[in-house]
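So, here's a batch of structures to check.
Two complexes come next, and they have one chain in common, chain A, joined by chain B in the first and chain C in the second.
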Partner chain A sequence: MQKIEQLIKEKARDLLAAGQVTSVIAWQKGEMFYDNAPGYFDNTEELDALVYNAFCAANLSKYLIANTKKDEKTAVFLKPCDTYSLNQLIKDRRVQREQVLVIGIPCAGMVDINKVKAQGLKGIIGITEDGDNLTVETAYGTKQVARAEVLLNKCLACKGSAYAVSDETIGEPMAVKHAPYDRFAVVKELESLSPQERFAFWQEELSKCIRCNACRDICPACSCEQCLFDNPESPLAGKANNNSAEEQLFHIIRAYHVAGRCTDCGECSRVCPQGIRLDLLNRKFIKDINEFYGDYQAGADADTNAPLLSFDVDDVEPGAATKGRE
Partner chain B sequence: MWQEGTAVDLKTTITAKSLKNIFFPQIENLLAFERQGQKLSLEQKQLPAEKTIAFGVRACDIASFNLLDKVFLKQPVDHFYQARRENCTLIGLACSEPEETCFCRTFGIEPASPTADAAAWLVGDDLFWQPKTTKGEELTAAIKDLFTEAEGGDKIVAEQQAQVQALLDKMPLAGFALSDEECSKQAEIFESEVWEELSKTCLGCGTCTYVCPTCHCYDIRDYEVNDKVERYRCWDSCMFSDFTNMAGGNPRTTRLARFRQRYMHKLVYFPANNEGAYACVGCGRRLQKCPVSLNIVKVAKALGVTKNV
Partner chain C sequence: MLAAQSTPDKEFEQLIVAFCCNWCSYAGADLAGTARRSYPANIKIIRVPCSCRVNPTFILRAFLRGADGVIIAGCHPGDCHYTSGNYFARRRMTLLMSMLSFLGVDKARLRVEWVSAAEGNKFAEVMTSFAETIKALGENVKLRDLRCKK
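On to the complex of A and B.
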């Protein structure tokens, strides 16, 4: 992906130098080699810090909400999956399309540093990507790991190399290699449980939540100006689970609110410091929508009516989702 | 909390969450009120009396308790915190496999020599144990059947300590140090231009604050059901938009102001009020957990308050 990084830098340099855009949103180098962060680049001197490698998982789309409120043009580099999020934001009228220059960049799958560590590696000082393998240099020695085994969960459910929205693209499409993966497998398992067992599963899972709100704040579909859970007038704590009802409420309300708009970008599960499987909630909705209304991918287009926002006399009746599973 | 049968993990160097909740739980009821007709009854919550042992605490987390003491044990003393702290016997566990995100030595913390009621070192399958305080002696006496006198233990432990130092020297943050002089320039740092750039990508979530072992701000709120009220306190985060909201409004209305506050507190205000002690122990949790990879190292470097060692 080093070649792509070079192309991104050149593109960004041209755009800034020609004054075509006021700023560029991409990724910047971190303190370690794996903690690359979203970054704004407002002039060409800053571009030395721009980076693109296996540790650029962060989805940059949401920053465009703030950016397009200003009267200026922003260029953004988006991986294929990120373009779905941006497209959904455009559809939700949260981003002004004409103020963004979208440059699609290919992706070979992003690496989950926690999975690398889970292979027993500590004190990681550097990683070099060579094809399907990663060479991990640690303070304790060097080891090879297969990229396919340490991909982020979200990349196992990659939507492919096509861009849902773009003005330009850079580089050739890349393939993401991994073992076959069914993103609904665990959802199906949960569906087969009794309501009591399912409740117990979620109670256990959600009791780990520390209410840091990272899942909500990173989510491109969570784009409310002010979240209802941030209301100091309400008895909801918003920052701690003051009873088990609140921890469940927060996640259920959030899942309902993003239903039909969640692109399954996987950011919520990726950032949760407690490792909570939030994707299972969202994927349950996605699966139901697919089953009831035909396959639907949020963010795939910016203009058709979404199934949950339109009505048809043939629509399923309320309660259909629980039929046969009581 | 350990229960019979729970598997023990002594391999993990840094836990995902910090350990502050053992003394300062995320949520805790302080007081209950109930209205019965014209009467109001009040019930103050009992101070926790349970005796506890915290085993396997790393040097950085132990150091964080010493920092929290400066807040909660100062007048007016926080009795809930104090009771839990006094009821607990702390057993430190020396680090043998530091992580690349560790920078405890920046704050003078010795990861291989934990200061607690008792210290322990795990070398191979042997656990070396040394009581350090009266509480530690008492616990050691109570479980003395578990121990045998360690022949040459000092040497084995010293070898491990040297190894850990050598490993830390190889880590990326080995040379990271703060300049006390630079960090004392309060007005200059406050006015710095870099805050804008730094705070631009911050999401305003509370991950950093909640996984941080030294962040200690809390909110006190009422939970009301019918005529009953529970008054509780819960962790709060200076990153949240309603933090410091008070009669008359919120003095920190922008993300920049909130972001700046967190670092001013850690790098400038806390040391100014606590004999130069920074409100950071270098555990690296934020380096691991921030969704957009912001952290104190990046901030300090951008502010130019670091020094070369």
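On to the complex of A and C.
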């Protein structure tokens, strides 16, 4: 990945120096080595802060919405999964395709620092990548960790190394290696529970919500200019002082708003400070759409109609096909 | 504010919100009236221009504010005044119903029916049977905002 970081820096420097683009969106060093943040670069001197390593999980496509309004060309470095989100934004007419220079970069799967810590490692100073392994430097010496064991949950449902949209690519495609993973396994498990158990599960899970809105802010599909949840008149705008259904409604509405447009990028559950499995709600919608209306991957292309923006005269009747125990 | 009366000494009175399409079900309700067919008074009709006008948020909001059941009545598939609105509504409601069930809410609290302007009898029957279903299910406690409860 160090090699790719070098290539990205060179590419960004060339583009900015030649004036081909006015800004570059990539990742920059965070406060800690494991919290790299999205970075906006508009001159070549800033580029030293640009990084690309196993801690660049952030999906950069959403930042293009604000940027394309400026009537300038922006270069963006996107991992294969991020290109799906960009494609979806292009399809939703939220990003002007001609104002973006998409540079695809390979990804071997991003690492979850909490999973590294959970391996019993203390005093972590730094992590270097070494093929399928990570060398973790700690205050108690160095240790090898298999990358497959510490991948972010979202990387377990990797969409592969192909780019859904790109103008150029850098480096050779890489594969994310991990054990077989069924992204709908937990959804299916929940469907097999009784309604009471399901309700208890979600009440427990969603009552952890602190309404920080991080899931909404990170979501590339949540791209409304004015969000329903920013309306102070709405009873859903803030955290209720009781365990009522308010959080559930927030999360159902949020999941519903992105239904059919959610690419399952998994950013919502990654950024949730409370560790709520928000991906389950999105995956439930994806699973339903796949089952009721045929397999559909949002963002895979920029022309097919979204499932909720199209219909078939012989679609199932509401309620007739609902999965799950009653 | 919509809130079901549910003091223990009083019998449970269900509160039902019905979203009726202006071009069919709403006229169906009229026909039920002129034909002297009665249906429960617990049903509060909200007239919408088309069943696809019903944003899923409206339904959730109705539940939040104390509705025990919500029914959407639209034109029969193929008969939409706007040619295809009810097809879109059908997909939306299918997904919403499935999600409510996934969250552990009884999906029978939400119903979608196709009732034409000529089906006054069907309108009365559907509303009566839905009111009975909701009566049997009891008060909606799972999706209600307790702040709205009187």
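Just so we're on the same page, the second predicted complex is superposed on the first by the 312 of 326 C-alpha atoms of A that agree within 3 Å, B and C clash if a C-alpha of one lies under 4 Å from a C-alpha of the other, contacts with A are read in each partner's own complex, and residues count from 1 in each chain.
Basically, contacts are C-beta pairs under 8 Å (C-beta built on N, C-alpha and C of every residue); 3 or more make two chains touch, one makes a residue touch a chain.
None of these values were measured; they are calculated from a predicted model.
In the superposition on chain A, A:Gly30 makes contact with chain B only, not with chain C. Contacts of A:Pro307 after superposition: chain C is touched, whereas chain B is not reached. When the two complexes are overlaid on their common chain A, residue A:Asp230 makes contact with chain B while staying clear of chain C. In the superposition on chain A, A:Gly19 contacts neither chain B nor chain C. In the superposition on chain A, contact is made by A:Asp217 with chain B only, not with chain C.
The contact surfaces that chain B and chain C form on chain A in the two complexes overlap at residues 235, 240, 242. Partner chain A is touched in their complex by these residues of chain C: 56-57, 60, 63-64, 77-78, 84, 87-88, 90-107, 110-112, 142-148.
The touching residues of chain B, when paired with chain A in their complex, are 13, 16-17, 26-27, 97-101, 167, 170-173, 197, 200-201, 203-207, 209-211, 219, 221-224, 232, 234-237, 240-242, 245, 287, 289, 291-295, 297-298. Those residues of chain A that touch chain C in the complex are listed here as 187, 190-191, 195-202, 228, 235, 240, 242, 244-246, 248-249, 252-253, 255-256, 259, 281, 284-285, 288-289, 292-293, 307-309, 311-313, 315-319, 321-324, 326.
The touching residues of chain A, counted against chain B in their complex, run 30-32, 35-40, 58, 63, 122-125, 138-140, 210-214, 216-218, 226, 230, 232, 235, 237-243, 267, 270-271, 273-275.
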